[in-house]
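Each of the two complexes below includes chain A, the first together with chain B, the second together with chain C.
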Partner chain A sequence: MFTRRERKEAGQGYLFLLPALLILGVFVIAPILYAVFLSFHKVELLGGANYEFRGLDNFLKVTFDDRAIIALKNTAIYVAVVVPAQTFLALVLAASLNAGLKGQKFFRVVYFLPTLTSSAVLTLIFMWMYNQNGLINYVLKIFHLPTYNWIGDPDVALIAIMIMNIWATAPFFMVIYLAALQDIPDSHYEAAELDGAGAVQKFWHITVPNLRPVTSFVVIMGIIGTFQLFDQSYIFSGGSGGPNNSTLTVVLLIYQYAFKTLGTMGYATAIAFMLAIIILVATLVQRKFSKEESLY
Partner chain B sequence: MRPKKWLSSLGISSLLLASVLSGCSSNDASKSDKTEIVLSGWGGNPVEKKLLNEVLADFEKEHPDIDVKLNTINDQYMDVLKTRLIGGTAADVFYLDAFEAPALIETGAIEPLNKYVTDEFNVNDFEKPMIDAFKSDGELYGLPKDYSTLALFYNKKMFKEHGIAGPPKTWEELEQIAKKLTDAEKQVYGLGVMPQIERMYYLAESHGGEVITDGRASFADDKVVKAIQPIVDMRLKDKSAATPSEVGAGQSAGEMFGRGKAAMVVEGNWNIPYMEETFPDIDYGTAELPTVNGKKGTMSFTVGYAMNSESKHKKESWELIEYLTGKEGMKKWTSKGLALPTRKSVAAELGFDQDELRRPLVNGASYATVWQDGPSLPIVMNNFNNQFLSAYLGDRTLKEALEDAEKQANREIKVTE
Partner chain C sequence: MKKRSAGRKALYVILVVYAIITVIPFLWALSSSFKTLGEIVSGSINFIPKDFTLDNYKQIFSKEPLFGRWLFNSLFIATVGTLLNLLFNSMAGYALARLSFPGKKSIFIIILAVLMIPFQVTLIPNFLILKELGWLNSYQGMIIPGAVNATFIFMMRQFFVNFPKEVEEAAAIDGLGRFGTFFRIVLPLAKPALAAQTIFVFMAFWNDFMRPLIILSDMDMFTLPLGLNSFKGQFISYWNYIMAASMVFTLPIIVLYAFFNRYFVKGIKFTGDK
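Right, the complex of A and B next:
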């Protein structure tokens, strides 16, 4: 089959791969396999690990766990609002910064600043602004708009996190859009101008279609990122997902089951797998849609 | 040529491997004849920390062969502790809140202490409800380092301005006074309320109902609903009560009180040093909580020292616990009044029952409900608090909210079984 030389060469190759394989195996593959194992068991890791095989129990439990359903609903609403909003905002910001206005370099820096702040710090700053007597209510009062108990009112708490996250992540995608915008040939715009197209028409008929591959990337990254919302709602609610479960997300629920309640590690991993599947499906659906409309 | 190539590739691989593995090896360079034991707790305020360090220094002086390392976990204490216990890196001795104790005891992560306790140590000296909170099947799993009860804090100036002689004695009186002291325009409320089961557990059970029955949530029981209804009515009907977050006072009733947004709040011992430090100008008094149904009641919270069942230095760990909860250690620890001593003899010696502000708190110890009710309490608490809030804000009736919460809590308890 193989000559000695070939075998030797292969052996040598694997030897070089060994450190990488070992690290990947220990830190990536093994944890995944262990998680698969955990998701079929009832697990108590404290006081001498204790595993009890439960089959599909952990996966079926979700159906009668109201909090899991609330968490999924919250997360879905969050994704449905935040992903389109931040994508659109990023596109508009990028286009306006690419239009050759005065001082655009300065604004590029200013717009990008929120992205540089760690999300924990950002959340704390926003919580301070969201305070009943805080900055945001103060501004709303000036314009005679209704004020809210942003942190304590279950009806608006999730919206408060949405606003915070859109504001914080849009600039990151803006930079990606900016890079893509530079790649659109000027000749397209010139041709459109000759045909008498206005600025809005050029934006919708040249800029947006040309950016479709990038939009697809931005949306997928956005979906993955928003489905994994954790830190903001964790800090916002002090780890509880309150008030009244309104900021409970799937990842926060997983955290609670894994580390807060004892003996539910297996259930937590089962939910984690289901979340992974949901993200996978959402991404595939998105890809399918963006492929159907080809560029030219 | 070929064998050399082989050798060099082997050399590089092993070098890489070695550099990875060297990160894992532990450097146990500090080899002295002293036994080092680790004590974990939460941060607390600077005064508290200084005090604890002093007590530990005293202990080390008396036990020259033991070196105590204090390791504070500042945030999410229980999550960190559990993770460390699983990973086998937890401290030898650690703080344990009575509320979380039963679930942890069940797992076997905590060392039973009966075999260490001597007659000389005198367990009977401890306040009974506090020490019972750490017992399971007659076995002792922790020793309460201190405790606090809840009492009514009232703003003397506001009381005087409205011609009210003194703090309310009954719940009905409290409701009337709260109405009088409310000034909606200035956002001043009669009573500042923390909408949490941990603050009203005693109240919930005051009409004969039970929050938890046989490890299952049972707080949607009419007796419990009836008992809590007055709290909700005060906010929605009388409009004489509010939560701290409604008046921009963060999540703390103490802050609401200190800022003059509430004439009365139900708070614990920790609020006394807090007021001294942050709001020294407020003239306030404390009183035992008003009676409900003619019966006295309050909550008591206690924290104990527990030993890791996987500790390698159990004898030394016990010596530490023995010292910290012994007469001498506890006297020093509670001397500044940050927490109340669980040993009756120490309490008598320090004279907190003579202290004007602390007397109502100390008096409460004898009839208080300890915040501990079996392994399912954390789940029950979480669900109760979550849904109670919606009733408190008037989104739906209390009965509806609690029925929902009870159903969900019991499902969750089932999930953990």
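Right, the complex of A and C next:
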């Protein structure tokens, strides 16, 4: 039996949790169940919502949908390029910043600017720099490199977004690496120095292995983030995913099916579920992979 | 010794080059925001405007009646949303760390599970729920669904678990009740955790693009990211206005960062703790 004091404490506990549980219940947990329901139905929004049971149709439809396959391909290429690039850049920057040079604080603040700035602003700034007579082509010309129609050419539009996002995200992961670098004991480096290791050797044989758990975290966060690319391709293409579907991502496709075409809301929910499963599997594979590696 | 200083020089080169790469887009945007349209379309590459002008800023604030409104909407939604998060996440974290009641463990596990769900899954049902509630195109539709964040409930719980119990016991002896202890003793001592949360949550509201895009359809309810995007459509070649608006949009976050910078790095570390 509960004493009066215990009952009072329990009441207080529920009271403290009430706002959080209410909001999570209505806007996270109920929507998850609702999403399961939606994904098996054809949904028509005519004033109210109309549901028609379709079984697994929404999930099977993806294989016949050219745009879904393009979106998946674009997203996969994007993840495969951006995650390794931003992880490597973050690591190099963190290691350079951690070398005990003067002005560290200054560099850290400067590097952090893109992380603070909204994706909408960053995308607009880059669109301004990417325009045909813009700053980036101007710099390329100075170095006698080929210039591009960055926004209009289907062959380079996705690359333009990749460059922008590697630039914008690497500093965030750099900060995570920086925190982890402080935890590597100096004695490791001192021992290596006695053995005559150079700076590059120390980096590869001490810094990199010691950071393996953090790298695993950074890669997983990177995978989750890159699979969800939306703002940049939406703003870049005015919501279309163009030119010629070259910037169409899975989340942009979900958005289009849910809110721009009629009668495909259930299908959009099914794609969202498949995306969630892809992200989950990628995360598990990466986690397993990094665990096996740490056995050596 | 000599080799070592060569290495340091190489590191400095990396750092300086990357700093330049980081700053140039911002400087370029800032300089474009002070240029006349004539100078913008001429395509000349100069970072210092030939005819320095504040007209772009005047234009967006005076001739674009909605811009001030968008700024207000963004500030209002982000501020109220952040305050609610600070309150609700701390209360929930505190209950999970300190109070005992039946079902505590299951609630904690559910909150951890919520962390793993990508928000795209809940996006469409959320739209339909907001539609049922009549909350589309409203402040509460933007604020309430985001007024709690499982990540920070978890973070606050970790913070309060490590928090010395004696302080609270002393407060109880002095006759403060549970709520008095929480609001007057515990929360003020949780400042570093709250400061880190403030930045992250405020930034998430301030910079959010997808949720407002779905929830808000009236131009005068738009937040700044949506407003900026509609600017782009409307002033397709008026990059001077777009850049001025972008700078106005970026400033509050930089001020907030400067203010909480000290806690920010600590806050990131804090989330890394067990």
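Convention: the second predicted complex is superposed on the first by the 273 of 296 C-alpha atoms of A that agree within 3 Å, B and C clash if a C-alpha of one lies under 4 Å from a C-alpha of the other, contacts with A are read in each partner's own complex, and residues count from 1 in each chain.
Operating definition for what follows: a residue touches a chain if its C-beta (ideal position, glycine included) is under 8 Å from a C-beta of that chain, and two chains touch if they have at least 3 such contacts.
Just so you know, these numbers come straight off a predicted model, no measurement behind them.
When the two structures are aligned on the shared chain, A:264 is found in touch with chain B, with no touch to chain C. Comparing chain B with chain C, the partner in contact with more residues of chain A is C. In the superposition on chain A, contact is made by A:96 with chain C only, not with chain B. By the touch criterion stated above, A:151 is placed in contact with chain B alone, chain C being left untouched. Contacts of A:171 after superposition on the shared chain: chain C is touched, whereas chain B is not. Within the superposed three-chain model, A:38 lies in touch with chain C and out of touch with chain B [touch as defined at top]. Of the residues of chain A, those at positions 12, 16, 19, 23, 49, 131, 133, 238, 259 touch chain B in one of the two structures and chain C in the other. On chain A, the positions that touch chain C within their shared complex are 6, 9-14, 16-17, 19-21, 23-24, 26-32, 34-35, 38, 49, 92-93, 96-97, 99, 101, 103, 107, 109-114, 116-122, 124-129, 131, 133, 135, 138, 167, 171, 175-176, 179-180, 199, 224, 228, 230-231, 234-235, 238, 251, 254-255, 258-259, 265, 268-269, 272-273, 275-276, 279-280.
Within the complex, the chain A residues that touch chain B are 8, 12, 15-16, 18-19, 22-23, 44-49, 61, 64-67, 131-134, 149, 151-154, 238-245, 259-264, 267.
By the touch rule above, chain C contacts chain A in their complex via residues 7-8, 11-12, 14-15, 18-19, 21-26, 28-29, 32, 43, 45, 84, 87-89, 91-92, 94-96, 99-102, 104, 107, 110-111, 114, 116-118, 120-129, 144-145, 147-148, 150, 153, 178, 182, 203, 206-207, 209-210, 213-214, 224-225, 228-229, 232-233, 239, 242-243, 246, 249-250, 253-254, 257, 261, 265, 268-269, 272.
Within the complex formed with chain A, the residues of chain B that make contact are 2, 5-6, 9-10, 12-13, 16-17, 20, 76, 78-79, 82-83, 85-86, 103-104, 106-110, 243, 245-248, 250-251, 309, 375, 378-379, 382, 385-387, 389-390, 393, 395, 407-408, 411-412, 415-417.
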